[in-house]
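Next come two complexes, and both contain chain A; in the first it sits with chain B, in the second with chain C.
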Partner chain A sequence: MSSNLAVIPQIVVPPISWRRRATDRLMTGVAVLTVILVLLPLFAIFAYLVYKGIGSINLAFLTQTPKPVGEPGGGMANAIVGSMVILGIASLMGVPLGIGAGVFLSEYGRNRYGDAVRFVSDVMNGVPSIVIGIVAYGLVVLRQKHFSALAGGVALAIMMVPTIARTTEQMLLLVPQSIREAALGLGVSRWRTTLSITLRTATSGIITGVMLAFARVAGETAPLLFTAFGNQFWNKDINQPTAALSLQIFTYAISPFDEWHRQAWAGALVLIVLIVSAVAAVRLAVRHGKLAGA
Partner chain B sequence: MGVGITVEHLNAFYGKTQALWDINLIVQANHATALIGPSGCGKSTFIRCLNRMHETIPEARVEGFVRIGDLSVYNGTSPTQLRRRVGMVFQKANPFPTMSIYENVAAGLKLNGFGNRKQLDEIVEKSLRGAALFDEVKDSLHKKSGASLSGGQQQRLCIARALAVQPEVLLMDEPCSALDPISTGKIEELIFQLKEQYTIVIVTHNMQQAARVAEFTGFFLLGKMIEFDKTEKVFTNPSDKRTEDYVTGRFG
Partner chain C sequence: MSNQALPRPRFNAPEPERGTKAALKIEAKTGPLLQGKVSEVPDALFAGAMRLCGLAIVALLGLIVYQLIEGSQLSWHAFGWKFFGQSDWNPVEDQYGALPFIYGTVVSSILSLIIAVPLAVGVAVFITEMCPVRLRGILSFTTELLAAIPSVIYGLWAIFVLVPIMREYVQPFLGKTLGWTGFFTGPSYGIGMLAAGTILAIMIIPIISSISREVLVVVPQHQREAVLALGATRWEMIRMGVLRNARAGIVGAVILGLGRALGETMAVTMVIGNRPEIAKSLFAPGYTMASVLANEFSEATGDLYLSALIEIGLALFLVTIVVNALARLMVWSVTRGQPAKGMA
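And then the complex of A and B:
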């Protein structure tokens, strides 16, 4: 029997030609090079900030308010806290609104109304940030009759909404229809399905969108110029003019004093570190809650 | 206990396209009824009309009369109320990917507001046993995501999830089409046991499967039900020429 087995024909695999190997190497090289080119500016900026700013960062910088012109020392503690307060206000308003709009667009907005909202939010994404500052000025500052952290928060929230809405929409659309059907098929109502199943399945993507919007507005200066306005002193009332890191950096950078220039560099470094750690903290928190195999 | 289903003059549409034409049939309680027919003939559309999943598709609508047990499906019954009594298993296993095995099974009850922890534990175990999955997953109920199971296990998880809501009817839309023969065998065995407690309507492309699990078989073609009879009769002595051609493999 065994002698009757069909003879397996020998397949001769030709050696891979030098041209194919060379092309392979070349393309891999090009890919690596583009990655380096993309990452280079990021590292360059960070390295330069560290180089210029690290020397001025000390305990006083992180715990004291600015000193009057001419006096050495002082710090940006009030601006660091002010930035956090303004970003907190912006996130409290912008994140729920943005996610809500995203849910509408993905779950109920496959029609003309949805198209209108999509169009408006894309246009809003392109509106210069200083114009949004003017809007917040008109909406909040003119009515309150003074600058405030609240007004700054409103300006930044307006900037966050379209980004969050559109990324939330995209992330919800990535959730397969079959998952929604599974929930509906169990007799779960539509709003419950959206809230507990669809949103939950898309959580990590939505958080990426939120962090992107957060990081983007965290460094904004223009919308704060005539909303939060800035402040040289401690301020605990969100209805009063409030310092922000970006504003402080701007003021110090255009000043004629060397000491202030150094502090502006330090402020920029602190700002970047704050943003990176906020994003990293949220990512870690999200990863922590994950199941095996999810 | 399972309940019977009566369908009279059912028409279903996708926008202007009619997908089902005047379907009439009676499904016996505590029996398995198989629906066979070539792709696109309306079998899936039909069972999605039984738990009102059809209308979740934009512009889809239904005309006609369906009664499941004492519920008039399209008259005075809300879709959520209905779907709690008519469970569904889909063609492709669709466990909730962010939930653990336990949460997947408990989802239907939890999302409908049932919060008794101890009873929930019992129901989850009973449902997983009912779906012949408990022994394979009992050590990782809370640790593993539903999506980490194998394809066959995922489909049994989906069956357990449907059973946990304690329905009276179980609709199965080609539940084995993505499974290997061993997993298919397990699910067919399961259907046999489930018949004692539930009424089962199963859509299948596999005629041997229909012959193995179902007492009654309906043959669909181009949106119409050509023949409905005892399975044995449909496969050995069909009264319609088209049914005979299909079951003998002459077309489709």
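And then the complex of A and C:
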């Protein structure tokens, strides 16, 4: 019996040929190679950014406005503040609207209307940012007759809304139905349930989603080119052209001056650090329960 | 609604006492049975406000469409369909044709796909099928980190690192070995279509690979087991059991990457050379729809000039909408409506 069993498999399953084995090894090697090829530019970018940026950041860079061409020194202080102002305006408009839309999708949108909104926000996620810039230009700049931080904020807010809406929806759907039912069963009205129970339970997830949207628009340049426009000087009026870090990096990078190239690297490093620290700070606050509802 | 199937309420659920307190307060005032009547108005108000927020998204899209169509009227009436077929872009004589930009956008995007797709799918396959579990999290995190870098920083890096490499090594090499095809001829400036395609590829790899990964993960485990049980090697299992099943989803991921590449502005503008010419050689400078908007929009004098630029924006918008809708349908057909995290 046992000798029979030992013979039959050899007939049915021939040993794997060297050719198939070699193909297998080869393809494994190819897959490893692709990973290396993809990670290489990532490390190259970060290494170069830190290497070039660290040497160029100094107090003057963080506290002064740009110097005219040819003069050494100067900094991007006005651009750093300008970026924060524009992002602040964008968040003020975009975050509540996005969260509201997310609440609609998860609590009131389990129907055809919800599906339509869901599809539209997915589609809007794919609209090129420069096109959003054109829209903000038509909406704000043409009416005001000049470029402004407000216009830049509107452009970025339009980009934030669909992202926040979809992540908020996903986070709210993770809240167990039983918690809503428990609240409703105790006689709490539906809006109080949504605000005080569902939203609070999902707070940390929603904040993470908001930060993702924030990080995505924080480095945006294209929609600011003809909305915020940029400015070489301090500007405290949100109705005037305003400098932004990303715009300044762009202008300096394509300029022919070494001094400006140096500052572009410094600006890029500051931008990355600002984005990462903003995200990290909020996540930390969430973890330590200051903002968490749960 | 999917949550209804979950187990019974957990009593240690977050902050139940909050709801209780609120309930008690209402009860003290009106009694629980009357409560429904009392709160109908705020409930309706709240629901209305949330519906309004949802509606706002649709309104925003409508606004975008309206602004673009309204803004491009002038150019549309002046040139009609010819606008997309003419290659003459001359603001001085008010002659506008979008062909060089369309060409540049299409060629740079296709080039980036040619470079990015094998790499991105390779990474996705490695992470889902071959990678040791410990490495998996780190790898997917790092590839997604690539997506968090702002486009202008990619451009900065491309100008000072990628372009010199292109000029000194890659282009002379390609010119020598593949120059006979006609795609790799002419002087090596470094900047140009090839540099733009390469930086675009680096930028869209994370998107394609993270969505492909999601698609590969949902291929049922028994498909893999069945192929392996027939005596396949691991690669044969991946090819026949995994990739073949995930085909539609991977194509969807690739098209999503294409959508991103078509609309990408800053990095391309910084390295493509910005010259509205149609050249066969990939070494030659070009121009894309997005980068002509970036460069000329704020300086456009004259209504027709501005209108022509907005028409380019409209065309770009329509193309990306179609491409994205198509991609989402294809990804959806594989993941069957499970929200794909990488897309949010």
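Convention: the second predicted complex is superposed on the first by the 245 of 294 C-alpha atoms of A that agree within 3 Å, B and C clash if a C-alpha of one lies under 4 Å from a C-alpha of the other, contacts with A are read in each partner's own complex, and residues count from 1 in each chain.
The rule is simple: a residue touches a chain if its C-beta (ideal position, glycine included) is under 8 Å from a C-beta of that chain, and two chains touch if they have at least 3 such contacts.
Computed from a prediction, not measured in an experiment: that's the story for all the values here.
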First, second, both or neither for A:Ser196, with chain B first and chain C second: both
Chain C versus chain B, contacts on chain A by residue: C
Partner chain(s) touched by A:Ala151 [first = chain B, second = chain C, both, neither]: neither
Partner chain in contact with A:Met211 - chain B first, chain C second, else both or neither: neither
First (chain B), second (chain C), both or neither touched by A:Ala243: neither
Partner chain(s) touched by A:Met27 [first = chain B, second = chain C, both, neither]: second
Partner chain in contact with A:Val188 - chain B first, chain C second, else both or neither: both
Touching partner for A:Ile86 - first (chain B), second (chain C), both, neither: neither
Contacts of A:Arg110 with chain B and chain C, given as first, second, both or neither: both
Doubly contacted chain A residues - partners chain C and chain B: 110, 176, 178-179, 181-183, 186-189, 192-193, 196-197, 200-201, 293-294
Contact set on chain A toward chain B in their complex: 110, 176, 178-179, 181-189, 192-193, 196-197, 200-201, 203, 291-294
For the chain A and chain C complex, residues of the former touching the latter: 13, 16, 20-21, 23-24, 26-28, 30-35, 37-39, 41-42, 44-45, 48-49, 52, 97, 99-101, 103-105, 107-110, 113-114, 116-117, 120-135, 137-139, 147, 158, 161-163, 165-167, 170, 173, 175-179, 181-183, 186-197, 200-201, 209, 212, 215-216, 218-222, 225-226, 229, 246, 249-250, 253-254, 261, 264-265, 268, 271-272, 275, 293-294
Chain B residues touching chain A - in the complex, by the definition given at the top: 51, 53, 56, 58, 79-85, 87-88, 90, 92, 94-100, 107-108, 111-112, 140, 143-145, 147-148, 158, 161-162, 165
Residue ranges of chain C touching chain A (in the complex, touch as defined): 1-4, 6-10, 13-16, 18-20, 22-23, 26-27, 32, 35, 39, 42-43, 45-47, 49-58, 60-61, 63-64, 67-68, 70-71, 118-123, 125-127, 130, 139, 142-143, 145-146, 148-157, 159-161, 202, 205, 209, 231, 233-236, 238, 256, 259-260, 262-266, 270, 290, 293-294, 297-298, 309-310, 313, 316-317, 320-321, 323-325, 328, 339, 343-344
